[in-house]
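Same chain, two partners: chain A is paired with chain B first, then with chain C.
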Partner chain A sequence: MNPWIRFFRTEVGLSWRERRRVLLPLVFFVIVASLFPLAMSPRPEVLKLIAPGVIWVDAMLAIFLGLESLFRQDYEEGVLEQWILSPSSLELRVFLKVISFWTVTSLPLIAMSPILVLWLSFPVRALVVLLVGLFLGTITLSFLGALGAALTVSLRQSGMLVAILLLPVATPILIFGAHSALLASEKQNPRPALYLLATLFFLTVGLVPKAISTALKVSYEV
Partner chain B sequence: MTPFSLFFHRLASPPYFYELSKPWGRVFAWLALVLILTALYGGLWLAPRDFQQGNGYRIMYVHVPSAWMSLFVFMVMAVSAFVGLIWRLRLAYAVAAASAPLGAAFTAVALVTGSLWGKPMWGTYWVWDARLTSELILFFLYLGFITLNRSFEDQQTGDRAAAILALVGAIDVPIVHYSVDWWQTLHQGSSFKGLTSEIAPAMLWPLLVMMAGFTFYYGWLVLWRTRSEILLRESDREWTRRVIGS
Partner chain C sequence: MGLDVKGLELRRGRRLLASSLSFEIPNGNFMELSGPNGSGKSTLLRVLSGLGRLETGQLFWEGQPFDRTGDTHRSRTLYLGHSDGLKGALSGLENLSLFASFRELRHFEEPVQTALEFYGMYRFRDVPCMRLSQGQRRRIALCRLMAFPAPLWLLDEPTTALDPLGIERFMSHLSDHLARGGLAILATHQSLIERLRPTMQLRLGRAG
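== the complex of A and B ==
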């Protein structure tokens, strides 16, 4: 088997076995979304308007808070050191690590979002746009969150710090993502927003693994 | 080696910079003082009242230069971060670390004066306009940079981690600006389109002088703060002991 595929499968398996990692973001995602109707108003016209924003902000927080520990264990056990010393590409390794983490933590969020859509009286015909947006957006956010995790890998208690560092950076993703869904629910054309979201997706996936690798090397002072 | 590149190579050495920054800092401070006083006189006495805004527009002489500095300082930080990461110059990190609180302060001043100006002119302290929003995000980025820079026991790790954040932020700020712009045009008309397109020369020249004054003011402060940063970072070196001893 190709060593990269094996690496990916190992990473997915490792995260999957630690169920807490899969379940905590998912439960967080569902509970936070259920707070908004209680806090604001259960009227469908209000909920319909805030639904995309709530789902997107919720997903963003779930991802950023969950990614805090992405490289922690590898750092403490010296696995990261081996990655950096290894002649094979660190960027590719980081890329696969983030994608594997996304598969285990964010795909369940996307799978759960149709239920949230029903709770928040969001029109079902806009569901596809929401899901496509979330698909692109959660990968992009995972890479940004992984950058935060890499920058703070040698620090303890860095969850809040990661959020503070990268939430401002992630605002364009939030704007395009949430508004593509809102546009679709208002029977307007959501494509411009989705295309712009896709642009950010490619920009991030192309550039950020390099930044993550540099950040990881910084924590070993090489 | 040409004299020019020799100058830069020597400048990167902390003791040389420490010596050189003192006279330069003085020059910048005097220039800043003269320019800012001139601009204040021009802006507050010589410039006429605006026929729409009355005297209220004069807050522009603080607001616009602060907004300009908030971007300029971030640019300086991003370039220093880049130089630091590529050539591993400790001096570049010291400049970035010294700049961040200054940039955050300029950004805060721009945000506050903008709000105070907005209330009488637009009738509201805050709108989610592209400029205001990107200025706010810029402020958050400054805070993130400062926090990250000071989070590590080892200063060099903090410097390099924060440098990566500064570079990501420098790419991000224009994207934030355009994304909010796009969002604005989608939902509501932009609440203001800058100042009135043409500024009368009598009002314009104090503004430009003030911007130059603010830039030299920053130049003075950043040299001054970089000197202390260098002393802190090089506190175990021979030359530092000599300097402090004298």
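== the complex of A and C ==
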């Protein structure tokens, strides 16, 4: 088997073995989204208006909370230093690590979101736009979250720090993502927002793995 | 020939540990690093591996200057630090297979099996590493040196937690490595290397 595929499968298997790390963000995601109809007016026209925003903010927080410790265990077990010292592309390894984590944590989130938004009176016809947006957005957010995790890998208890570090950077993704879904639900053209989201997606996926690799290397240069 | 180090400066943070460190290790030899805690043994190994930062100094391999962070240096070097570099949730066999993927190797089953047998860990190959004892984990980590041969070994206290039999295995493995023209730098506290005289010794840190 190709060594990179073997690495990816091992990583997916490892996250799956620690189901707690997978299930907690998902449970968090579901609970937070269900709090809004309780806390606000449960009128459909209000819920319909806030549904995209709620789902997007919720997804962003769930991803950042889950990703905070992405490299922590590899760092503590000394596996990360073997990554860096190996004669193979660190960027590609980082890319696969993030994608493997996304597969296990964000895919269930995306799969769960139709049920949640329909509960929030979101129209079915705008569902495709929401899902496409979430697909692009969760991958982009995962890479940003991984960058935060890499920058703080040698610190203990960095959860809040990572969130504060990343939330401003992640705002454009939130704006374009949530607005594409909102526009679609109001029968307007969501494409411009989706295209901007796609641009951010390609920029992030293209550039951030390099930044993550550098951050990881620097954490060893005491 | 072999590894040649000229005018190396070692620092931990801002503290200067050693200045103008120079030595040459010919092929087929090993150097023992000794010195009190904090004298820079691990720092030196990390700098040579490419993990630590190189402040000043030059490094040569077979007379040629080299880039510590290049793939050529990485594929000829195996570094074993304080931590075993094993994922606790994975078994010894899975860990070695994961390590093979780091080095982009496709065929590793046979050498890995030989290594596990040599270090007496074949029976425990499917046990998750977090359920192994420290010495057993160290044996699995040492299996890497055997299954994935590389000419330069940088080992930070490789015999920690090993029992006498494990140490004996390691010593015979090391002498094989040297006989094949490999070189090694070992940081140790105990001078357990009695049967196998190190060709060179480097004592770091000021006396007293």
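The criterion applied here is as follows: the second predicted complex is superposed on the first by the 221 of 222 C-alpha atoms of A that agree within 3 Å, B and C clash if a C-alpha of one lies under 4 Å from a C-alpha of the other, contacts with A are read in each partner's own complex, and residues count from 1 in each chain.
Keep in mind that, in the parts below, a residue touches a chain if its C-beta (ideal position, glycine included) is under 8 Å from a C-beta of that chain, and two chains touch if they have at least 3 such contacts.
None of the values given here were measured: they were computed from a predicted structure.
Shared-chain residue A:Pro87: touches chain C; no touch with chain B.
Contacts of A:Ser41 after superposition on the shared chain: neither chain B nor chain C is touched.
With both structures placed on the common chain, the touch criterion links A:Phe7 to chain C but leaves chain B unconnected.
Judged by the touch definition given at the top, the superposed model places A:Glu221 against both chain B and chain C.
When the two structures are aligned on the shared chain, A:Gly78 is found in touch with chain C, with no touch to chain B. In the superposition on chain A, A:Asn189 makes contact with neither chain B nor chain C. Taken together, the two structures place residues 221 of chain A in contact with chain B in one case and with chain C in the other. Partner chain B is touched in their complex by these residues of chain A: 147, 151-152, 154-155, 161, 164-165, 167-169, 171-172, 175-176, 179, 183, 192, 196, 200, 207-208, 211, 214-215, 218-219, 221.
Touching chain A in their complex are the following residues of chain B: 85, 133, 137, 140-141, 143-144, 147-148, 151-152, 154, 156-157, 160-161, 164-165, 167-169, 171-172, 175-176, 178-180, 182-183, 186.
Residue ranges of chain A in contact with chain C, taken from their complex: 1-4, 6-7, 10, 14, 17-18, 73-74, 76-79, 81-88, 93, 220-222.
Chain C makes touch with chain A in their complex at residues 12-13, 46, 49-53, 71-72, 74-75, 77, 79, 81-90, 94, 97-106.
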